[in-house]
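Order as written gives the chain letters A, B, C and D; numbering starts at 1 within each chain.
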Amino acid sequence: MQLGLVGLGRMGGNMRERLRRAGHEVIGYDPNPEKSDVPGLADMVAKLTMPRVIWIMVPQQFTEDTIDKLVEVLHEGDLIIDGGNSKFTDDKPRAERLAGHGIGYLDVGVSGGVWGLANGYGLMVGGAKEDVAKAQPIFDALKPEGEFGFSHAGPVGAGHYAKMVHNGIEYGLMHAYAEGYELLEASEYITDVPAVIKSWRSGTVIRSWLLDLLDLQLDDDPKLDTLRGYAEDTGEGRWTVDEAVRLAVPLNVIAASLFARFASRQEDSPTMKAVAALRNQFGGHAVKKEIG
Amino acid sequence: MQLGLVGLGRMGGNMRERLRRAGHEVIGYDPNPEKSDVPGLADMVAKLTMPRVIWIMVPQQFTEDTIDKLVEVLHEGDLIIDGGNSKFTDDKPRAERLAGHGIGYLDVGVSGGVWGLANGYGLMVGGAKEDVAKAQPIFDALKPEGEFGFSHAGPVGAGHYAKMVHNGIEYGLMHAYAEGYELLEASEYITDVPAVIKSWRSGTVIRSWLLDLLDLQLDDDPKLDTLRGYAEDTGEGRWTVDEAVRLAVPLNVIAASLFARFASRQEDSPTMKAVAALRNQFGGHAVKKEIG
Amino acid sequence: MQLGLVGLGRMGGNMRERLRRAGHEVIGYDPNPEKSDVPGLADMVAKLTMPRVIWIMVPQQFTEDTIDKLVEVLHEGDLIIDGGNSKFTDDKPRAERLAGHGIGYLDVGVSGGVWGLANGYGLMVGGAKEDVAKAQPIFDALKPEGEFGFSHAGPVGAGHYAKMVHNGIEYGLMHAYAEGYELLEASEYITDVPAVIKSWRSGTVIRSWLLDLLDLQLDDDPKLDTLRGYAEDTGEGRWTVDEAVRLAVPLNVIAASLFARFASRQEDSPTMKAVAALRNQFGGHAVKKEIG
Amino acid sequence: MQLGLVGLGRMGGNMRERLRRAGHEVIGYDPNPEKSDVPGLADMVAKLTMPRVIWIMVPQQFTEDTIDKLVEVLHEGDLIIDGGNSKFTDDKPRAERLAGHGIGYLDVGVSGGVWGLANGYGLMVGGAKEDVAKAQPIFDALKPEGEFGFSHAGPVGAGHYAKMVHNGIEYGLMHAYAEGYELLEASEYITDVPAVIKSWRSGTVIRSWLLDLLDLQLDDDPKLDTLRGYAEDTGEGRWTVDEAVRLAVPLNVIAASLFARFASRQEDSPTMKAVAALRNQFGGHAVKKEIG
């Protein structure tokens, strides 16, 4: 089928390629003319037969603006899919606005990163059943082979919500592996840490794709010497913890993983300065040893 | 090659089968005569040509006793492998004791559970290089096909140590998935939780064998109604946290997972009773609302 | 000086009493005529000489409505003080709305509970310096004797913000004591837990008012048998964690305390059901013992 | 009464002074002749009338050696009190050894630091009732005025155990205040952080001696600029977490406080390096932004 695809960066570009390999006709637009198939958004839309399906794959700060521009050139019966990392609370207002123009809306959480071109993308979709049906051939081409990798998670918002929880889990998984790695490194019992990590990749309970990635990194960098212990966080981890607070869900592991990222970016810890201040005070100014 | 195998329970029995399928000659002994190939330990040893290799696969509380009995019937040059869940601190004293009899010792962490017969077992080995070499054909048959699933982690103790860390990570991974599951269940945004979990099995960053298992459970039991929120812990999780304390490694995620298991087994929480007591006191006895 | 006081519940009633003991003229209004000094809000306002100062001490869900009604009867130059548990984000819009009528606004975080009548209340104030000055005699009468117990924390919003952080800390402190209590109770080493708690009340590093309260409860109820391990949370704990997420502050202890309250209110834990599901799956359906 | 006091450092020296002010006769021994009342341990013992009471106040690594030397010069009926920070598991073997010589033994947890001379020391005692009675006048002089500050916590070991839990709680309390401090500092809502902290010292739910100390530090150092966010831990925090693991007590807050101290001492975090490695791998090598 035909698809208009807005945003041809690392994710969008690979998705265009995967869709074309599957035989779909993709008209891609990107502000960068070297990547773009057409000079402008309107040109992209003009090349598509109604009813059109447009997939937006832009950084979340540009999504609203892109939708504003699309509304001007789309018609009743068209469908917009946001595959970017929008916050789930943005989806319902957006869908209602588009419904006012007779335009459908789906939100899709997309996972898989740079590996998605080859492996397929995990897709979680929110929206109305009939809208999902319209785009199903696209979803089928983007998702991996086999029975997994696609879900219709619920009404509008559910796709981004499911992706948010996916990323929250991801934080926790990464941190669990990372803590285990640190303990292996710290212990005098283990002499070949990379070998242990590698052996875990098959037969064990903890085998996973993330573990495969850790092993790949250790192949090149067995002590992780090329890296600093520093990690950004994207919105999803924070939103996950906010949702846990809203819904009264005890989310100890995921929150601890998020907080560790926060701490990794601090030059010095004000919390630990205050702890040091207290130890200083009750122990006597001149001394370092705790006596309390 | 020949192997004496002590302990033919769920794990040992399957391992015998997997080894035999690979063409090894296994003489298995178990106190249960229906499972055992021989009437007694001495009979098992008598059937093996020197130098012998004996694999012990018994619950850890019986390991020392099994070794005591084996020492009486083994000879210099024989090799004992402990594949059970012994604590890593037991291995070195045990190896030294056996060395006094000229008997070699390897400790092996074995992962894979009931799925190991079909998939192979993840193996982490501690001990001397020459002892590992003697048992390598056995390891090669037990481990999964392919390049992963086996490591020589270090000297005696390293195998059980690596398995302990594996299990610590396992606690953290399970908890991260479980927290995400709870959040999906709690949210009004998601209408089909099992579908979301299933979709994550392919293409996503968080795909893993544990996730596959969660999906399998949800196939039969979409709300987990058949289960109570209760989890035992085995020694490994506790030892992992003890090691983090010994080595000054911040292990927030794994410790939180362990503590959640502790809490899951309490009828009521003394900690939360004390919190309730404090709220009671500063809020005034007759009221439930916090005013502090 | 004169003060109009809206809300004469447990907190407001005691505050009226403390202010009167200090010689201030308080006209109190409460919907409950048995508590109220006047039949209605307008009557209260009518009894006060301009420029008036009105202190609102009502549950936060009634605050906006109370302000709406006050705006109708107050005049330019009057001052409204919100001493309730409003969210700090409500304060600035509220102050701006009142400024449109020439009415000043202060937000005050009030701590001390039922003990405040005798001990005085801890007060944290947000707003303009000149507005703080107008109400200073009231603050001086409400706060405890001595140099502590009052702060001008910053502009509008700062008072409720400081109170929010106060309550977040309170969660953490309560939980630290409560965990220690549970450990004492669990251990075979300690035969007289209440005696230990009591001894900590003087001379130790951990002495505090909360510890005094725990001891008071144990005097009556040495095993906390009269209480369930159940704790509500009020908005402040959740807002504190939300703020930590917004500002990228690692708030492990306070978040863990909040999550423990969430968990205390669950009949069963969906997270732990999912953990049980995973253990079930990899251990074999029929068994309870972990073998992974 | 008479007391032999071994160890006249910061703690022991102040305790001698406090006991003398209370009218007790203290013969103090310290290896440093400038502090010591006598040239040697034997001289100290010789000056005491039987049955003697000897209080040991030395760093824990010297305690066993001190006891060895005392055993040589003491007699049946004498009593040794260890007021240092010994591990609670050392007490019972020690008491049994001394009982073989007819010498009694008490273990005492002492809290109060440099402030104890003026304020008195919090004392938690483990041992037999009759031994406690023998030393009661000493305890009465060391403890603060009033009904609090002394407990007989249980049999031998209970004193050090109670002190261990005290210190575990202390870690949690310090961390809760410190997190609140960091949040206040991070927020744009609060313009005068030290004023807020100071105001909390009276009337609030969270007032405590530790809070007083934080305020004292902020008086001199309002931004904590003189301090690094670095904190050692002494044995007690680690033992507390080890005990939680042994007794299956969920100790989230105290463990998180301990782990934060561990983290504060790391140049870089191996855990966060492993997290960075994973983000690196799934996001594509050249980029920093998470796309998973």
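Everything below uses one rule, namely that a residue touches a chain if its C-beta (ideal position, glycine included) is under 8 Å from a C-beta of that chain, and two chains touch if they have at least 3 such contacts.
Which protein is which chain? UniProt says A, B, C, D = 6-phosphogluconate dehydrogenase Gnd.
What you see is a predicted model; the values in this text were computed from it and never measured.
> Work out which chains are contact partners of both chain B and chain D.
Under the touch definition, chain B and chain D have A, C as mutual neighbours.
> Counting residue numbers used by both copies over all numbers at the interface, does the chain C-chain D contact come out same (over half shared) or different (under half)?
Chain C and chain D contact each other through largely matching residue numbers.
> By mean C-alpha coordinates, which chain is most distant from chain C?
Farthest by centroid: B.
> Based only on mean CA positions, could you tell me how far chain B sits from chain C in angstrom?
46
> Provide the C-alpha centroid distance between chain A and chain B, rounded to the nearest whole angstrom.
The mean C-alpha positions of chain A and chain B differ by 32 Å.
> Using mean C-alpha positions as chain centres, tell me how far chain A is from chain C in Å, no decimals.
For chain A versus chain C, the centre distance works out to 38 Å.
> Could you list the positions in chain C whose residues touch two or more of the other chains?
111-113, 167, 170, 175, 177, 179, 182, 186, 205, 210, 233, 244, 248-252, 256, 259-260, 263, 269, 271, 282, 292
> Quick one: in the complex, what on chain D touches chain C?
Of all residues in chain D, those touching chain C are 88, 111-113, 116, 119-124, 126, 143-155, 157-158, 161-162, 165-173, 175-177, 179-180, 182-184, 186-187, 189-192, 195-196, 198-211, 240, 243-244, 247-254, 256-257, 259-260.
> Going by the contact rule set out above, which residues of chain D touch chain B in the complex?
205, 233, 238, 241-242, 244-246, 248-252, 255-256, 258-260, 262-263, 265-266, 269, 271, 282, 292
> Okay, in this complex, where on chain C does chain B touch?
So the residues of chain C touching chain B come out as 10-11, 111-115, 167, 170, 174-175, 177-179, 181-182, 185-186, 210, 213-214, 216-218, 221, 224, 227-234, 252, 256, 260-261, 263-264, 268-284, 287-292.
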